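Quick heads-up: structures coming right below.
Both complexes below contain chain A, partnered by chain B and then by chain C.
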Partner chain A sequence: MSERPDLKLSAVPPEAFPVAAGVRSAARTRFEATAFPSARHEEWRFTSLRSLWNTGFDQDATASAAALLAEVALPETDGRRIVFVNGRLDPTLTDFALEGVRMQPLSQALAGPSPASSVFDTAHTFSGDWFADLNTGWFTDGVFLHASRHAAPQGPIGIYHLVTAADALVLPRVLFLGETGSEVSLIEFFAGSDGIGYLTVPFTETVLADNARLHHYRIQEDGDLGAHINRCGSLLGRDADLQSFTISLGGRLFRNDFRAMLNGEGGHATLDGLVLVHGNQISDTHSVLHHMQPNCTSHQLHKCIVDGVGTSVFNGKIFVDSIAQKTDSFQENHNLQLSHHGMVYTKPQLEIFADDVKCSHGATVGQLDDEQMFYLNSRGLSAAETRYLLTLGFASQIVNALPAGSMRDRLAGRVDDYTRKSLSFVPA
Partner chain B sequence: MSQTDALDTFVTQPYKYGFVTEIEYEAFPKGLNEDIIRMLSARKEEPEFMLEFRLKAYRHWLTMTEPKWPNVSYPDIDFQDVQYYSAPVLKPKLDSLDEVDPILLDTYERLGIPLSEQKRLANVAVDAVFDSVSVATTFKAKLLEAGVIFCSISEAVREYPDLVKQYLGSVVPAGDNYYAALNSAVFTDGSFVFVPKGVKCPMELSTYFRINNAESGQFERTLIIAEDRASVSYLEGCTAPQFSKNQLHAAVVELVAMDHAEIKYSTVQNWYAGDEKGVGGIYNFVTKRGLCKGVGSKISWTQVETGSSITWKYPSVILKGDNSIGEFYSVAVTNNRMQADTGTKMIHIGKNTRSTIISKGISAGESHNSYRGLVKIAKGAENARNYSVCDSMLIGNRCSANTFPYIESANSTARVEHEATTSKIGEDQIFYLQQRGIDEENAVSLIINGFVKDVFKELPMEFAVEATKLLSIKLEGSVG
Partner chain C sequence: MITIRNLHASVDGNEILRGINLEINAGEVHAIMGPNGSGKSTLSKVIAGHPAYEVTQGEILFEGKDIAELEPDERARLGLFLAFQYPVEIPGVTNAMMLRQAYNAVRREQGLDELDPLEFDDHLQEKLKMVEMDPSFVDRDVNSGFSGGEKKKNEILQMAVLDPKFALLDETDSGLDIDALRIVSQGINLIRNEKNAVLLVTHYQRILNYIQPDYVHVLVKGRIVKSGGKELALQLEAEGYDSILESIEA
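And now, the complex of A and B:
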């Protein structure tokens, strides 16, 4: 029995992505030399990957995804929609035309020296990571989005990562470059069919030039048996602004690794997240906010609700280099334990090398407040309604921060479903 | 004076306990093997079970590897290059202090710990440990009257073997971790305290550890047992001379509190920390753990860590009894090239258990100061409650302050709160004090004293005075 998944990888044609060939073959070499992560790795202490052991995943597995797309597509993204089906960019479902933002398959963008080739593989620090190297070494194609100087298109771009093939290994790759002064809103939507096992390892890099701004929403509604392990890196220039929200709802195993590097003075990053866990789901969020230059600010609010026998893991790191004086960084993690059998692991972490900084974090683990419940009960609400309202209130701090529209309605609906469903675990 | 200059003068001050006592030694050859352990056990006239305990620990230690996860770096330690036993040549059987070598009495006098009972503050009993052995224990007779046993652990092994056998290794098993296993194999001395049922220990107990020999390591072992409704307060102090060679100090402290018992353990650690280039200093690898075994018991750790070139220490409490309480108050100061990775573990097992963690870190110079803590709520720990605060202050931009708190909760009735901040001394705070007529240096020291106040107020009075002085010495010259 091998303590790792059995991957059937597509052959990488030597002539593909000529300008990235070196980077990709280096990733493949590292990948071959790296052991599959286990609980002995500090980064994987609380999240067991045992369920992936000895399981076969095939990168060439295919199936149609039109029905799933119809189910999840947000109307705001019509006409600016990019669709990956089982890890491959699907030209028939993709429908994209937007002034100020150019979309290209990575195979074209990396065919020769280009804006894409100058930033590809620069916005992350994941080298040596088994999953990141897997994606970098073997992705079949991806998408490059290039927002031109001062472009500010109305409405969000939607990237849909859909998985419909059983036992699929899915390796989508996204590269975003926002030029000086641009402002773009990007929704990445991860969805998969219920009832099929698969492994998806998406890798997204976003590069923000000086003064660029990106609103990055990531919604994870994977199928109930899907395993999703993603990598996301962001490199920010001077006065750049990253607003990132990650909402995790689906999947059997979800691991989100987000690393933002504040590499120019005056940059700002917001990294908010909401995780809803029930049944035997495992949801794990690791983040790094790396302050590399002075006068940057960052803010992180991560909320988890745990029900059933689910597990929620959070590890938020803030690194402040010695040059990064006047950093102001704040991180909060709140966990709501609804069931008696759920597990919560949280580890906020500060590593600070500069003295003139303000850095703080707070973490809490708790339940619904007795006094609040009593108050609502005394106003005539039933126990079930009370729990529902208070749980919704806990989650809505994140949901309400999302821009209005179908995405927020949809999420509010999902949170609503979740909290009602979670009532089934209430002891009588 | 600029702010940095004032800080600098505040932090750099010579180490005043760096002198060496010239005394005749009886020491074992360097190196570690089963023969050395047999020799050690025979030398200490230990019963058979102790030798077995040691050998078992040693054999287990051989299978272990040195932990590399702490956030500290140092060259590999050659465990064969250490003397595992080194003791001043003593007259046999010390019946009274008059028989203690006057050189030793003088040493402790210079350290500010006079051993003659007349000179002591009336309510503190002292066990003085010099390198590998305990050289004197004061007020033994008076304590025995109250039923309290306070003696060196070597003596306890001989005089109270049943108690030692029952409790030794019951909180920190011999194979607990690399350094605990090493200590279990080669520990030479330390203190033993037993407070019987219902007894409130009539005076503060304290142990003063001194490393004098450049070649030896110190492996002390302390065991404190408080039976039902007993209470005791224990203090520990440590110093060492200035050598350019690093010395190893690997201690194990075990506390056991039965029903409604209370143990308060305070440490002011001031081992030699090496010079400003990081040469020399003590490697302080310590395992301290308390077991709240009984219902309603309480264990409180207070530590002021100002010395050692490397500190690796996590005083912990296992809250096994229902309604038991664990507390951890810590100030860790690092300067120059010192590295500290310290914190606590609170393991909640019993129902309605409560714990509080207050940790204050100050880093200056090129030092690294890390807080590492674990709060674990087991499945059965209904209504467990934890509150943690962990604040760091940075002085200069060549040092680092790190926070690694782990929170693991498996019970939905638990409430865990953790908060941490990192900041520097605010210019507005200094400005405020200055315009009230307080000069800059005093303003800085006032702010630092305020920063650590929550911890210092937990120290017994004698120690609080010493700790405040120590802090200003340690930081002299670095704040400003």
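And now, the complex of A and C:
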């Protein structure tokens, strides 16, 4: 019995991506030397990976994903759609043409010196991490998105990460580069078939040049037996603006690891999240907001609802380097417990080395508020209706802030379904 | 309309209301005045059915029916309304959503058809005009980020929409500027008719310049120590609560 998954990796030589060959073989070397994380690792104290032990995952597993795509495709991404099927960029389902944004398979983008090669593997600090190195060392292909200077295309780009093959090991790689003054909306939609086990380890890097803005939406609707452990890194230049939002709905095990590096003066990062947990799901968000230059701001509102015997973990780090004076950073984590058996772990972690900064954080864990309950009851709403409205309201605060469109409508619908199911609410 | 007999109520084992008697008929406006901490909000919440307060003695009859054992929402659907002294903020729930659900809950109770969102919106717009509130008000989250005056106006809007038989207003006048006070009073006067009743809980006489009460009661330490006509409010304003307390103790 080995205390790690049994991986069957694809035979893609590091040289398949000539300019990234060095990076890839270094990642492979580190990976081979790194132990699979256990509860003894500080970063994995509350999230058990035991369900992955001794389980086989095959990077070459394949199956069709056309039906799943039809279920999840958001109309606003038509014609701006990039589709990964079981970790591989699928040219037949991909349909992309957008003024101001160039899309290339990473195998092309990293064939020689290029804008992609100059930023690839620079927007993160995950090296040495088992999952990150697994992706970096073995991804079979990925996508490079390059927004040109001052490009501001209307409507969002959709990247669909679909998993339909049983026992698949899925390693999608995304690299986004927003040049000076560009503004792009990017939806990454993670979906998988129910009833099949799989392990997906997506790795996304976003690089924002001076004054660039990225709206990055990440929707996690993995299959009920899927395990999803992602890595996302963002590197921000001067006055760059990252607006990131992650919603976690599906999967059996979800680990979201997001790190934003504010590497130019005047940058801003928003890292909001909504997590809905039911059954025996585990949803874990670890984030780092790293202030590396003065006068940057960051904001994080992370909300979790826990039902059943589910587990929600939040670890929010804010690092402020000694040079990063006038940092203004704000973090809030609110957890709503709908059952007595769910588990909530929340840990803000502030490490501040500059003296002239404004940093605050707050965390709450609890049930619905009695005074809010009484207020709505006193308006004639029954206890069941009130619980439904308040639970929905807890989540809506985040969903309502999304831009209007089919993405928001879909998520509002999912939140509504979850709330009704969790509360067994049947409207009068 | 409402009859309160020998009402005693406690919170966390402390007796706050110590034998209240009150009879309010349809068409009447009563005012309850009293110093801070005398139990005005406690009385309001006990009538509305706040679960933290325990009725230890006495009864509350609403249209002849004892409501002391009813849930707050059941009382509301019978036609009882409480305007809160401190309305709570409910982020994520819009005014429109709350009001439509509340309105339809009352309609269901009365065996009437529910209004769909469009029909309800017509009803709502009309009431918004009455309280001189911007239509965008209803799309905002309940009381979230509202100023003190906006919160109080929102209570009046809800009252106007729900059109209760018995409205209990807990210091709705406190902290309002003259303009807001006028609008709030106007709202109350507009819903008044011979079929409903209003109980105004207030600390100051000021609002009684706009709304003429039929009766004024003085609440001190959980008991009504004096009742009279509207001239009692003027006497309180002129002489303060101390003189009344002294005259009672004497």
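Note that the second predicted complex is superposed on the first by the 420 of 428 C-alpha atoms of A that agree within 3 Å, B and C clash if a C-alpha of one lies under 4 Å from a C-alpha of the other, contacts with A are read in each partner's own complex, and residues count from 1 in each chain.
What we mean here is this: a contact is a pair of C-beta atoms (placed from the backbone, for glycine too) under 8 Å apart; a residue touches a chain by one contact, two chains touch by 3 or more.
Every value quoted in this text rests on a predicted model; they were computed, and no experiment measured them.
Asker: Clash or fit: what happens to chain B and chain C when chain A is overlaid?
Answerer: fit
Asker: Taking the superposition as given, does A:K347 touch the first partner, chain B, the second, chain C, both, or neither?
Answerer: Touch partner of A:K347: chain B, not chain C.
Asker: After the superposition, just quote the angle formed at chain A by chain B and chain C, using C-alpha centres and rounding to the nearest 10°.
Answerer: 70
Asker: Between chain B and chain C, whom does A:E385 touch in the aligned arrangement: first, second, both, or neither?
Answerer: second
Asker: Identify the partner contact of A:A97: answer first if only chain B is touched, second if only chain C is, both if each is, neither if none is.
Answerer: Once the two structures are laid over each other on A, A:A97 reaches no partner at all.
Asker: Using the touch definition from the top, say if A:A11 reaches chain B (first), chain C (second), both or neither.
Answerer: A:A11 sits against neither chain B nor chain C.
Asker: Is chain A touched at more residues by chain B or by chain C?
Answerer: Larger number of chain A residues touched: B.
Asker: Of the two partner chains, chain B (first) and chain C (second), which one does A:G362 touch, if any: first, second, both, or neither?
Answerer: Once the two structures are laid over each other on A, A:G362 reaches chain B alone.
Asker: Please work out how little space separates the C-alpha atoms of chain B and chain C at their nearest point after superposition, in whole Å.
Answerer: 14
Asker: Per the definitions at the top, what is the overlap between the chain A residues touching chain B and those touching chain C?
Answerer: The answer is that chain A has no such residue.
Asker: Mind listing the chain A positions that touch chain C in their complex?
Answerer: 369-372, 374-383, 385-386, 389-390, 392-397, 400, 428
Asker: So in the complex, the part of chain B that touches chain A is made up of which residues?
Answerer: Of all residues in chain B, those touching chain A are 69, 377, 392, 394-424.
Asker: Please name which positions on chain A make contact with chain B in the complex.
Answerer: Result: residues 42, 46, 322-323, 325, 335, 337-340, 342-367 of chain A touch chain B.
Asker: Show which residues of chain C lie in contact with chain A when the two form their complex.
Answerer: Going by the criterion above, the answer is residues 48-52, 71-73, 75-77, 81-82, 84, 87-88, 90-93, 97-99, 101-102, 105-106, 108-109, 141-142, 158, 162.
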